[in-house]
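Two complexes come next, and they have one chain in common, chain A, joined by chain B in the first and chain C in the second.
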Partner chain A sequence: MSSLRYRTIKDKIFFYCVCGLSSLTVIPLFAIIWELIRKGYKQINWSFFTETAPSTLDAMLARGTGDIIPGGIANGILGTLLMVAIASVIAIPVGIMVGIHLSEHPKTKFSNATRFITDLIQGSPSIVIGIIAYAWVVKPLGGYSAFAGSVSLAIMMIPLIVRSTEETLKMLPGSLKEAGLALGSSYTNVILRVLLPSAFGGLFTGILLAVSRVMGETAPLMLTALGSTAINWNVMEPTSAVPLLIWEFYNDPNLIDMIWSSSLFLLILVLSLNLIAKHIAKKWKIQ
Partner chain B sequence: MRDKIFKKLLVGCCILVLLVCAGMIYSLVSGSLSAFNQYGFFHFIGSSEWDPHPDRETYGALSFIVGTLLTSFLALIFCIPFSLPVALFTGSYFRGKKIATFISSIIDLLAGIPSIVYGLWGFYTFRPIIIDLGLNSQGFGILTSSIILAIMIIPYASSLSGEFISMVPNELKEAAYSLGGTRLDVIRTVTLPNAGSGIFASYILALGRALGETMAVTMLIGNTNNLPRSLVDTGNTMASIIANQFGEADGLKLSSLIAIGLLLFGITAVINLIAKFIMKKFN
Partner chain C sequence: MEQEHIQISNPILQLKDVSISYSPGKNAVKNVSADIARNKITAIMGPSGCGKSTLLRAINRMHELYPDIKIMGEILLDGKNILKMNPMEVRRMAGMVFQRPNPFPTMSIFDNVVAGYKLNGISLGKSEKEEIVERCLTNVGLWNEVKDSLFKKGTFLSGGQQQRLCIARALALKPDVLLMDEPTSALDPIATNRIEELLLDLKNEFSIVIVTHNMSQAARISDYSMFMYLGELVEYDTTQTMFTNPKDKRTNEYLSGQFG
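And now, the complex of A and B:
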């Protein structure tokens, strides 16, 4: 056996290594945010939110004179909001219903199978879900569309919402449900008027996290929504989204300056949704 | 009456989810049939030839399977020296303290960053470092993408394994302390062996994440269709070849890409199932 002194020193060294490596791990987040702010803040102005993406030629001329690139990402912002909204309309009711069923019947074979399938869908890569939405919506309807993008995002959101709904409902005390039933209200009323409102904080957190998760998705949208240079309100037409625009700017040397502002915007949107969700989760935590 | 309809509705939604999954598998299989019929299943996954030339079209998935496995496993190895300390930091050394919550919420935010932003950061900040080090003249390749992938999966590996580490019963640890163990001794002989299978499972889940990552890898791996010969070589993963070529594909090529999607779906499903199985068995 080694001496006590030796072991204490070894313990100290290990402790400092753990602390050091842990703090190193924090660096990438700040490095990424710093890089985006440093390179992107110049581009963010009023027209960034109100105009569509500039053509390559305009961007080249602006670059030639040393100006910032004119135009903005209004088409992408609108597309992202549109597609996420439609996806939420599809995914939230289905996800919450499945979550209710799983928490009401936790141990039946049917529930286990559903839980297993939800996990399977949650684990499948986003690009594969893009292929699915392509096969289900783009091919039969004969063209890329915002709706196809929404379907792919909805498939990704459902398992996340199912999970958070089930977890939240499981934490509610059983007496809550029993009290409602004892007062003579129907099963439906107890769930819709008692359980769901009490679980609202948890459900809302889950929904926000799911939204923030799919908002930054690029891969499935490449196969479904394709992208468009104009502002588009028609859900059956190809539509752009902020991540899709970043991908386009990345592939066009003249527009390369736009990627930083667009990424900064996307990152702020996603991270603030994330932080709001976690804040609500902390506030509504059931004791 | 209303209750009956409501209950039917709940079951109906569950059935809908089951149907979605069945439909996913059906669409992938039916879409890839023509590629498998043309080349044969085993030849398709065993051949590294990817030649879209119209006269002599041949497609094989081997280079992409190798690319995917290589980048993901490398990412897993690179992420261990960082995610394990974080897990120990939040789950053992500073369990329940403010600093642990702070660190773990920051690491959780890493999981929220969109894949494409990681790709950009890797391309403009990280790739020049690889070039400066002289590892690769272009800076693209397996190594570059697996390092970025490693950063992306750290939150998945560390948050779950931190939870498993914090669940190790206090009595066991106290018993070891009372025998005169230092904190390192306790971690080595009590905490890690006890939480071991859970930690293992969380790393497998993180591996599942890495396998399906698309955008960051597409931007960093170099997109060449040959079998990677070394760690600094360029290549393509299953996800990145789909992202790159799906748009202009039709006929046999489209079918081959869908077949690669089916394989990717299968691999990630198996990996996730293994992780779930381990967690269930040892919990």
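And now, the complex of A and C:
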């Protein structure tokens, strides 16, 4: 009897420990969000999305009168969207095709080598990938550009998409492929019309996670896209991005207040992508 | 070793000394020779692991998905060596229904039925598709149950309905032979009964080879029966003869429930 009570007490203590520790880990997250909202919300208005960052002088004047800093981060938002879009156009087809190959021919030497290289890229510090993109794209093309930034982001996205594609396709029951082939379908058609649609949820989730992963990348963009104070639509020109702007604001005492609103915006963007990805993953779960 | 089996004239399928191995030196199917009759139901029986599925899957070249599997001997489909034909053509002529229903999860009931055409890149007009869907679903006795929900996902159906959908999907391509691997083993008695009735109807148009564990099912629906044991085709005869007067001792033991 007493041992049962002892065990119940032990259970309780364990339970409270788990609760306590997990809330301890959640605290920093909420602290960050709270801090960003508190310091950044005032800045987020219409012009935040439509105007570029103010000059140091304008910011200084506004600060002097106690106003919020005028202007916004439109150049960064546009640059981020542009570069992530181009990176996706490069990385999605490549990643999905490589993923299909890995799941269809899991044991060949080529597949093992590919898997090793994807792991290697995925584990590389992003600054190294920036340097590679600098050497491959910036140098040959003779200048910093949004395109070079996209290439560096694409290199970071590919391993994530490859792996999620491979994992998702592997989870599909073999009977699905057999069902398609047994109807006399070609291999290509089975992949395109049966396997990929069935894996859609997993693929889409993987892509969203890859996008949200690279959206906040700063280091590779410093070496490739460089940054720009103006709104730029030309992919062959230096271009800004939200994380690049945050870094620039941080380095300018007059603009430093802008880091809160910009970070809040970036965090919300990335968090929502993550949440959408989770939601889709749940909804499309393979029966 | 060549056994003497029943002679079939004008067979749809001819198995000539077929051996199949999953790993070198170990044959899961051993020297099977048999002719299979047109527009009849041929049942393949035998204890678990005797190679029934393995033999059936050789007929539509399903084993080619797995490079380790080796097949020896010859299989003729309507007189032509299947290895000399395009595998896609073989699989269209010999439709397959699997043990577990496997409708395409992303497709509606309607699209599942015509999936064979879509996957083969054959485009059909709307009315053609509707005609095929209605005919095939009626064939499998599913039309009245699903005609109001044709555009729902096939996976919403019950197990028995899904299996009938899979049969409809195979029928839609008008194969010559229907290969069925224990199509009713996952179903309840009522659904099983309906599929058995369906097969009896279908044999006017198709030749059917059905693997079954269920001896009474074989007795009820098949015209010819094979008994396999440890990879060998022990006995092959009309179902009537097999059940009333089996020649081999092992067949007799199996049919009287002494093993299996």
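Everything below uses one rule, namely that the second predicted complex is superposed on the first by the 267 of 287 C-alpha atoms of A that agree within 3 Å, B and C clash if a C-alpha of one lies under 4 Å from a C-alpha of the other, contacts with A are read in each partner's own complex, and residues count from 1 in each chain.
Just so we're on the same page, a residue touches a chain if its C-beta (ideal position, glycine included) is under 8 Å from a C-beta of that chain, and two chains touch if they have at least 3 such contacts.
No experiment lies behind these values; they were computed from the predicted model shown.
Student: State whether A:41 touches chain B only (first), chain C only (second), both chains, or neither.
Tutor: Neither chain B nor chain C is touched by A:41.
Student: So which one touches more of the residues on chain A, chain B or chain C?
Tutor: When the residues of chain A touched by each partner are counted, B comes out ahead.
Student: Once the structures are superposed on A, label A:49 by its partner contacts, choosing first (chain B), second (chain C), both or neither.
Tutor: neither
Student: After lining up the shared chain so the two structures overlap, which partner does A:10 touch, if you call chain B first and chain C second: first, second, both or neither?
Tutor: first
Student: Per the contact definition in the header, classify A:274: touching chain B only (first), chain C only (second), both, or neither.
Tutor: first
Student: Considering only touches as defined above, state whether A:114 meets chain B (first), chain C (second), both or neither.
Tutor: Only chain B; A:114 stays clear of chain C.
Student: Could you say whether A:186 touches chain B, chain C, both of them, or neither, answering first, second, both or neither?
Tutor: Both partners.
Student: Does chain B (first) or chain C (second) touch A:233, or do both, or does neither?
Tutor: So A:233 meets neither chain B nor chain C here.
Student: Could you pull out which residues of chain A sit against chain B in one structure and against chain C in the other?
Tutor: Residues common to the chain A contacts of chain C and of chain B are 186, listed in rising order.
Student: Quick check: in the complex, which residue numbers of chain B touch chain A?
Tutor: Residue list for chain B touching chain A: 2-3, 6-7, 9-11, 13-14, 16-18, 20-21, 23-24, 27-28, 31, 81-83, 85-86, 88-89, 93, 103, 105-110, 112-121, 123-125, 151, 154, 158, 182-185, 187, 208, 211-215, 219, 239, 242-243, 246-247, 257-258, 261, 264-265, 268-269, 271-272, 276.
Student: Can you name the residues of chain A that touch chain C in the complex?
Tutor: Spelled out, the residues of chain A in touch with chain C are 173, 175-186, 189-190, 193-194, 197-198, 200, 286-287.
Student: Which of the residues in chain C come into contact with chain A in the complex?
Tutor: These residues of chain C touch chain A: 60, 62, 65, 88-92, 95-96, 98, 100, 102-106, 115-116, 118-121, 155, 166, 169-170, 173.
Student: Touching residues of chain A toward chain B in the complex: what are they?
Tutor: Of all residues in chain A, those touching chain B are 7-8, 10-11, 14-15, 17-26, 28-29, 31-32, 35-36, 93-94, 97-98, 100-102, 104, 110-111, 113-114, 117-121, 123-132, 134-136, 155, 158, 162, 186-188, 191, 212-213, 215-219, 222-223, 226, 243, 246-247, 250, 259-260, 263, 266-267, 270-271, 274-275, 278.
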